[in-house]
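Just passing along the structure, written as structure tokens.
Lettered A, B, C and D in written order, each chain numbered from 1.
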Amino acid sequence: MNFASILEAIADEVRPSLGDGKVADYIPALARVPASQFGIAVRTTDGREVCAGDASTPFSIQSISKVFTLSLAMQQLGDGLWDRIGREPSGDPFNSLVQLEHEQGKPRNPFINAGAIVVADRLVSQFANPKEAVRQFVSSLCEEEVGFDEEVARSEAATGFRNIALANFIKSFGKLDNPVADVLDLYFHQCALSLSCVQLARACAYLCHDGRNPLCDQPVLTDRQARRVNALMLTCGTYDAAGEFAFRIGLPSKSGVGGGIIAVLPDRLTVCVWSPALGPSGNSVAGMRALELFVEKTKLSVF
Amino acid sequence: MNFASILEAIADEVRPSLGDGKVADYIPALARVPASQFGIAVRTTDGREVCAGDASTPFSIQSISKVFTLSLAMQQLGDGLWDRIGREPSGDPFNSLVQLEHEQGKPRNPFINAGAIVVADRLVSQFANPKEAVRQFVSSLCEEEVGFDEEVARSEAATGFRNIALANFIKSFGKLDNPVADVLDLYFHQCALSLSCVQLARACAYLCHDGRNPLCDQPVLTDRQARRVNALMLTCGTYDAAGEFAFRIGLPSKSGVGGGIIAVLPDRLTVCVWSPALGPSGNSVAGMRALELFVEKTKLSVF
Amino acid sequence: MNFASILEAIADEVRPSLGDGKVADYIPALARVPASQFGIAVRTTDGREVCAGDASTPFSIQSISKVFTLSLAMQQLGDGLWDRIGREPSGDPFNSLVQLEHEQGKPRNPFINAGAIVVADRLVSQFANPKEAVRQFVSSLCEEEVGFDEEVARSEAATGFRNIALANFIKSFGKLDNPVADVLDLYFHQCALSLSCVQLARACAYLCHDGRNPLCDQPVLTDRQARRVNALMLTCGTYDAAGEFAFRIGLPSKSGVGGGIIAVLPDRLTVCVWSPALGPSGNSVAGMRALELFVEKTKLSVF
Amino acid sequence: MNFASILEAIADEVRPSLGDGKVADYIPALARVPASQFGIAVRTTDGREVCAGDASTPFSIQSISKVFTLSLAMQQLGDGLWDRIGREPSGDPFNSLVQLEHEQGKPRNPFINAGAIVVADRLVSQFANPKEAVRQFVSSLCEEEVGFDEEVARSEAATGFRNIALANFIKSFGKLDNPVADVLDLYFHQCALSLSCVQLARACAYLCHDGRNPLCDQPVLTDRQARRVNALMLTCGTYDAAGEFAFRIGLPSKSGVGGGIIAVLPDRLTVCVWSPALGPSGNSVAGMRALELFVEKTKLSVF
């Protein structure tokens, strides 16, 4: 398949409507990202990397980081991780407290904020320097040093009242082992990781390589674990639009409010899109459109 | 792949624990079904049909019927169907009224009871004799005459207070066009269709044949529509255990309280399992276990 | 106190804004009631009856009937009544299903629709002809024959999908003893009773006479029961505006969508107001204003 | 009325069951209070003070403090206070976050924790030293210097994850003007005020004296404001047992998890009871029983 021409065609098709939607503006460092950027990168299991548009521009990966912290926690803890996190779609806005109260502090899945905070707590218990552990883990996945945008991390900490509320709420149920401040320090930093589409498509390659990092041929997860991450991405990866993603796109995906979306076609390829303007569900408008076009043009989806 | 020996091995493995769980007992006709039965049938896209256990015993398909009524409504109405039904997982017990109130009478998806009632309303508008239209549609899919278990239909009508409540509740929002009694008459009958595992595996073949019925080579749905039904089955098909199904099994599936589960591997095969005893989420215990074993042994899943 | 001049002053003050709000229009028989009518009647424990405006015009008492059916059920069943009904404010719109689901079919209090339906079920069990029993009970309270507006009752039955949903929902939890149709026949009729302000002020006199009907000096309830009905009216009597009523008016009150409100000053007087146009909480706009003026001018409230 | 003998009789009647229930144990300073203590004090509008049992033992007033901070905020801000707080019963456990989310950070009433936190925020804006302002306000009401139990305040701060969550949650809706830490410092201190039954009965005397402090004859609130505080206590003062309190006791009341309850009979008297062991709704078991006996014996209630 000629991915190069397909990606160029997609970039051409989405260009006229770039900027439709609304760039996340809850912190200045995100608000000032120009809305009209767009990048797309594909990495196939036979090692090809193809891209178009602003695919090498680093952006704030935000919630896409939840794929990496989940994977690292699964690697470290195995099934014990699931004692404190469910695996069901939430059916609710992504940071709702309601369900958390109803279920006594056990978040519905690791991709809502509450769930990612619980994952962060487990990593804080696991590593002497959890921020550095996560940074190194992601760096090793894409074989390049990646870093935190400290301005973003500081802003998230200064204004993230809802996440502070979430963490204290979970703590009130006795379901965080570490001090709230330590857990949130990791959480706000993981969201502030900066990567480009090309880097993200590469970093997620283990999800379509039976759990192995193809760059260094090292195991990241077991085959089964990798497939389960894919399953979670499909059912829970895109806030309360997971059903819509499955219906219209049909690829396991994880999005972030920085405008990035990573998608996986198991055993075949990863594709990462990025465009900062978001739709009402918190997902990149042009990114979703680009993935829809990708599936239309390639006939590749899990369904 | 030697499906015959795989299915026999699965039947052997689940046999010792048959009857674990609880047969649906809200109506006598279901309550008296012997718990220890088990059947499994596979139909591949190259036309092979393989089965084991009680795969030819007809059972009450219950909510599996929602796949057929949804497909018939999609065929008849196209995208107009989605004006009154969402496509998101519900995150709630399957017949909850809460979400329905929150969303002003628009059910979250066509596989919860509320959604299936709305689908039934659309079919009542579409056909002079909607029960017969559904029965003929399913019969044509498996190229055998199938029928309603009238005792089951009568019992559902006499005791289905919660579904009567649901239908009246949706009606109160102005979102049923037809009289509640007519809509429920179709709904209670579709749930009372009797098919065997072999028949169901065959009847769902269009879901892995680009929407075409392979027996008569007639289109049932467009290719895209068929894939979208698969997507809905994966995200919403198994009550509030859809995440667990995706995580552990990884196949688009639809279950019913009669103990049947139909699963689809797009472009490859359909597999139907049946065993009457249900787990806490309303899904067949042995059926789920059998599907898990099937995926383990064949390495076939969408992830 | 010169109640005659006070009531005239109130009628003068509310007159300019009569019709502000919206007459209930879910059934034609209510929708065609002229919005600009206003009546007020006071009955004191020393037997004085004073009124102003359209105080002798009968209107559909709607939910005010819940005071009478509750009282009749308390008289007949004593504390056994409370097995199936709570006594807490609902904090939710008056006919919400959410709380009912959360609390397994036990309505929060007897003044929300769900609670009144449960009360109706108990009365259906208690009387051979429950509609006639309720009609006679209310007639005896005001020593005049009162009757049902059969057109209203029929319309409620034909369009009351939400109440039908509620009743079936409660039935699904096993918490109605009688057929839904029988329970709703009573419920729709009690709401269709027609009384005037003067009649209602008289009919509720037992609530400020230690539970005795002062007209015939017969016990209706025990002293304690009567005071408890007052307590329930104060905390639960005015849909989800009970806090606002207590804060601004401070009298136990029960309102109906026909535009009537009955209020009680224990040991002193009853006051009934009526004006058909309703505010957003479903209470008569002019009626609430009139009660507020009444309390301001007389300095009479329970607080 | 011979209140002295009535209070002695009540003390005698509750003595055998003292300790039934469970002393609040979420912080050590509360957990070690002996469960079998009981005190009761009455102050009438003609200036009599009568008491029995441990009525002079200071205890942690906890949520009773919300009456004082509300009154101080009403005094300072008038109706402007209500922009950010509702006046409806919550129908939910006292510290639920659900309703807060549904209503976008506007607490339902000033007596749930969320509402009291919003009141505290307004006081932090109003006073240079808000803790001292509250302490002096309460001291002036009972004409004795009262103080904070700093151990209790520290423990609340160290373990009050749910209140920290609440405050951050409200802050996330933009509905706290001051830093969360400042607001909670006041909140945790007001809960740690120590007063005895005698002091509390005296401190609340303004609520049955047209808003005037009878000790110094100074206005605390307007007459109308005082009556409105009473109305709020009746509808919202006792967590999710407000309906039950109204039904069984019928006095405006405010309780705290320290085991105290203050009740008001408007224009007549205040009564304060205290016993540390709590029932399931978070109210003192012996305290509720004592108030019920008080109403039975005196026939005094607002209904």
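Criterion: contacts are C-beta pairs under 8 Å (C-beta built on N, C-alpha and C of every residue); 3 or more make two chains touch, one makes a residue touch a chain.
The model shown is predicted, which means the values in this text are computed figures rather than measured ones.
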- [ ] Touching both chain B and chain C: give me those chains, sorted by label.
- [x] none
Task: Distance between the centres, which are taken as Cα means, of chain D and chain B, whole angstrom - done: 55
Task: Length of the line joining the C-alpha centres of chain A and chain D, rounded to whole Å - done: 47
- [ ] Express in whole angstrom the distance between the two chain centres, defined as the mean CA positions of chain C and chain D.
- [x] 32
Task: Junction residues of chain A, two or more chains touched - done: none
Task: Interchain contacts (touch definition) - all pairs - done: A-B, A-D, B-C, C-D
Task: chain B residues within the chain C interface of the complex - done: 96-98, 101, 161-162, 164-169, 171-172, 180
Open item on the list: If we count contacts the way the header does, which residues on chain D are in touch with chain C in the complex?
Closed with: 86-92, 99, 108-109, 227-228, 230-232, 234-236, 240-244, 246-247, 250, 252, 266, 301-303
